[in-house]
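Take a look at the structures below.
Each of the next two complexes has subunit A plus one more chain, namely subunit B in the first and subunit C in the second.
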Partner chain A sequence: MSEYSERARSSTAGDGSDGVRIGTAGVVAAIWCELFEVPRVDPHDDFFALGGHSMLAVRMASRLRTELGLRVPVRTILENPTLDGLSQLLAEAVDSATDPAGDRTRP
Partner chain B sequence: MIEKITVAAPDHIPALDRSAGPPPLSGAQRALYLVELLHPGTPMYNITVAVRLEGPLDVPRLRGAITRVVARHEALRTTFVRGTAPPFEPVQRIGAPDTEAPVAGLPVVDLDVDGTEDVDAAALRVAQSWADEPFDLERGPLLRTRLLVAGPEHHLLVVTMHQLISDGPSLQVFFGELGEEYAGGPERAAPALQFADYAAWQRARPVDAEQLGWWRDRLAGVPTVLRLPTDRPRPAVAGPRGGNHRHTLRAAVMGPALRLAQDLRVTPFVLVLTAYATFLSQLAGARDVLVGVPVSARDRAELESVIGFFATTLPVLVEAHRDRSFADLCRSVQSELLDVLTYRDVTMEQLAQELAPDRDPGHAPLVQAFFSFEQEPIVSPRLAGLRATAIDLPPTGAKVDFDMVVFRSAGGGDDFDLTLTYRVDLFEADTVARMAAHFERLLVAAVAEPAAPIRSLPSPDGVVVPRPPGPAPAAAPRPLLTTSARAGLEQNLIQIWREVLGRDDIGLDDNFFDLGGTSFTLAAVHTLIGARTGEETSLVSLLEFPTIATLARHLAGDPGTGPAAAEPPDRARAARLRDRRNRLQHLRSGRGTAE
Partner chain C sequence: MSPDSGTTVPVLRAVAEHVRRTPDAAAVRSAREALDYRTLWERSAQVAARLAQLGAAPGTAVGVHLERSADLVVALVGLLRSGCTAVPLDVGYPAERLRFMCADAGVELAVGHQGPLSRLGGFSVVATDGEVCYASAGPSRPVPDPAPAFEAPEVAGDDIAYIVYTSGSTGRPKGVRYAHRNLANLVAWQAGASGCGPGDRTLQFAPASFDVTYQEVLTALGEGGTVVCCDEDERLDPQLLWDIIERERVNRLFIPFVMIQSLALFADEATPQRHPLREILTSGEQVQCTAAIRAMFTRLPDCRLVNQWGTTETHVATWYELPADVTTWVDLPSIGRPITGTGVRVCDPDGRPVPDGEVGELWITGAAVGPGYLGLPERTARSYRTDPLDPAVPAYRSGDLGRVTPDGLLEFLGREDTQVKVRGFRIELGEIESVLAADPSVAQAVVVVAGSAAEDRNLRAFLVPKAAPEDASAWTAGLLAGLRDRLPAYMVPVRADVVGSLPRTPSGKVDRLALATEGAA
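Entry: the complex of A and B
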């Protein structure tokens, strides 16, 4: 189990779907810290302002696949450039993936 | 579909069973290896970093540090062996850490300066000559480390790797670990995966039809020849010699450019690439420009500390309509680049096979201009107790007509070092200097008024002044063979083809590639022709004459088959010849990246 999942687990507060949501945000935040080489990130932090570039988005997509089991288009990362916006989108995708009745994909 | 977020299990790269035989080359390595076979003995794919070290250097400790880094990374101990039996696929040979002493050798050379020359300039001159020494891919080693002593506490550590085993991030890994080892840091384990694991995994993956389909649609009808105005007429076969022009893009230029990129929500890479493509579009008088950009396969965490050639070059299409604004063009280039990254699991070799009429996989690659841009210096080495400054030393070899590489300067701040590498058989140094100055003018103007249409940007008039063509170099005539000697030669060639292709039904007018030949089987033919007939010919000419009949005529000295033959009156044949020339000019691309 990798470091981000450890961090993500420890940031999972409460239970139920809130837990999934906070857990997803924690995973995404940990990935941002690692890739942008910063000690902490803020929900309003911006991919471009942090010095993001296209190959970094590719690496981010690879991390998200490993950590969340989601295949995220690189375009989605650049089109949702704030940490908060991206986390919310991914949390919804995780929700619908874990809900057996739900749609397993989302646009 | 690919543009949605979907659920997907992680796909891990398995460790390769090393007892099952030598590992294959990755797709990108294979394409690059072929270019090396076609143009042996050039430094075109050397990657060199010189590090100026000021302070008391402990040479044995540095040598020990290099030895330990080499022991950890198989790629630094890898050489490439030609296939000896059909289908003649080359393989990687990984040397054991303890038998590869020469790899870790650090010869120490005293700098010899006559009184008039500046020490730094003299040191760089020597380092450049080392950077230009070709590697022997079969014998190796493909890492060279040398130390130049310029003064009592002034050294230049020169590290050269062949591109087949390295890329930009590999340099960072190498110098990062070197610094730790030199400082006597704790022992570090070898990475869990090595490059050979990746190469075997990558080669075993099926070609993604959806991805190739996207490329086929995207590049349909796009011109794959960029007709830049040149100082000299284009020779039939591209020469490998290159020149490097260096130019500094000052913070006064780059600062506003970086801020504009952020405002436009595009990356700095995209902004500078857009300016470069606009510049090429102006020079070539073409609206659509294909630029080769480096794309790394190093997307996974487990590959980040692995040394190896993970780079590939893929074409980005820039549609520089003259009425579009620079800002608008930047956004569309960003979108285009995202598509390229989405469909990046192809190699230039596959695209060339798919999109070029020619079936030979060595034939390349669609683009004549490359671009790379890094927001960081090439490497930032740290060696305990020393002041270390890295200097990028590109070889004097040109992969394509024009290659622009931009790195942040080592000194920090927003200064960027720009290197334009160009083919010396096409361009004069002073022309390229004017081009670099024009590029900077264009970038400044575009950043100052991003909403203005690109037709209002400074014009390149006077940048390239065509010179009158000099006399064409006369090829030495081959001695003419008698008809019976030529018939004997044909029989010899047929026998060689039979052995190499493993079939008997070979006609004089059959095309080698129609009979199932590949570039690597052709390389085997090349070796056998030399050994059996004593005829000296280049591998490139075997590509040019793919039938027994035309090849025998060429080897027999029939002047009608020379590449310098006069333009024939027949238009169809003229078109074929032009096409052949274009293919030859592109043979040499298909590289990885300068990063």
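Entry: the complex of A and C
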């Protein structure tokens, strides 16, 4: 298990409704609950349907950086609007310890 | 080439002087190209020459429909030199709104990039220089290349430099005119007041449809500095903004308050060596010195925070540079003192100045005050007045409330009407409501701002249907999609809820506060 997912596991918040969430998905879910101020989220929940906007995506990127140690581009959050989709992408990034969508080429 | 510093428009005389003295200095940098002052001057003359070839004269309204680029900077300078009135047509706006703006301002000629011009429709390209296209709305036939040499026309101080559109409470955007003399005063003041100078780099962050673009570009060029272009992703993502500050050695930012907050969320590795910022200027919203923002400026001891206040009708009216010592900052900093040639009077509802310390409406007087709205004489007469203390001096009633504090500085205290600021954008809620209410299935529409902190603030719509929709979420989604076709993205609510009726205050008005609280839940 990588260092990131250890950190993710230790900071996981279970939501009690469908068993204790673990790992990256649990961390992402907990951050969504916190930022959208809802008691629980569903894997199919959509960032925009929950009232997400660009500034909220910025704050989400900041929280993900703190909790997962990942640099997550704001665009990645906007372009992967379901909780499930974003969690999977971030879990892969945590496992490979690379930037998600970090293929942005800079001059 | 002769840099005609004696004959160019006043707002560009300092730029022309840099062209003469340091033609090889960097004027504009983008990811794709770098222009020195000589090249900027030649290319902007080419723009002005093309416009003249196409029949434009001082005062002709010319649309500017360019993506973020060095071309945009060149075109703004070229348009000023031509004496034509620039009408920025934001490439991100819906076509319907852009067509309204073109019709309202009488735009029959546009400088643009091919892609946006094609999406807008109604214009045919009649000449091309590099990637810059010149397009005509009328009968079109290509003109010969190259355009005849540029000859600087006579441009008067009262000639209109640009028209930018702001949200209008009755559902109709207002074209705000700003004259060459207003802009020359602003730029001369800003260049003098800023800690940046020759060789310093300023990011071109503002949307092209914002007057702040002129402040960024003309101040940097007037100082002999460099304008650095960015892309939309860098404007959206503070992580990328930190990257470009480091990579391009950016010294000065003009950004809305929410972007300062966003930068502060990612500032824990900022250092003066990597991030040579010396000045962050902000306007459009009440600044709040949060712990994160203080921490960011503590990490960047060479960087000053400057709070500016004004309206589109006046551009910058007042400014306040926060002290170098962050520990002395108050939570809600002052908007400071008026800029050169400009005054602020705190007035009662009848336009009489109130004693210092009392709250009143802020009236801006003097050089900052533009000539008025385009084609709206009654609206202009209501807001563009004269100085209560000197009828020979123009004034603008801002609608903002404030007072003079004991130290002689101005304090901003919000507004009384339903004009709001969301992420630095000025929005009349009534404009959004009127578009929603125009839909035949809507009985009543109210839009409120939910969220109290600036970073949470977002628009929520509450809709009373004429008949209960079969599928409420499909109905609201359809209405929001309709808004996206008609309004800039920043004016589209993030959420719409169906309600049976609207809460009322005891006096019978819609209780916006109750809705805003509900919307935030």
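The criterion applied here is as follows: the second predicted complex is superposed on the first by the 75 of 107 C-alpha atoms of A that agree within 3 Å, B and C clash if a C-alpha of one lies under 4 Å from a C-alpha of the other, contacts with A are read in each partner's own complex, and residues count from 1 in each chain.
By definition in this document, a residue touches a chain if its C-beta (ideal position, glycine included) is under 8 Å from a C-beta of that chain, and two chains touch if they have at least 3 such contacts.
Everything numeric here is computed off the predicted structure, so don't read it as measured data.
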item	value
Which of subunit B and subunit C A:Leu86 touches, first, second, both or neither	neither
Touched partner set for A:Ala61, first subunit B, second subunit C, both or neither	both
Subunit C versus subunit B, contacts on subunit A by residue	B
Which of subunit B and subunit C A:Val28 touches, first, second, both or neither	neither
Partner chain(s) touched by A:Arg75 [first = subunit B, second = subunit C, both, neither]	both
Partner chain in contact with A:His53 - subunit B first, subunit C second, else both or neither	both
Doubly contacted residues of subunit A, that is, touched by subunit B and again by subunit C	48, 51-55, 58-59, 61-62, 65, 71, 73-75, 104, 106-107
Interface residues, subunit B side, partner subunit A - complex	2-10, 261-262, 265-270, 295-296, 298-301, 334-335, 337-339, 341-342, 344, 375
Sites on subunit C touched by subunit A in the complex	31, 233, 236-240, 243, 247, 258, 262, 265-266, 423, 455-456, 458, 460, 494-495, 521
Interface residues, subunit A side, partner subunit B - complex	2, 48-49, 51-55, 57-59, 61-63, 65-66, 69-76, 78, 81, 89-90, 93, 97, 104-107
Touching residues (chain side subunit A, partner subunit C) in the complex	37, 48, 51-56, 58-59, 61-62, 65, 71, 73-75, 104, 106-107
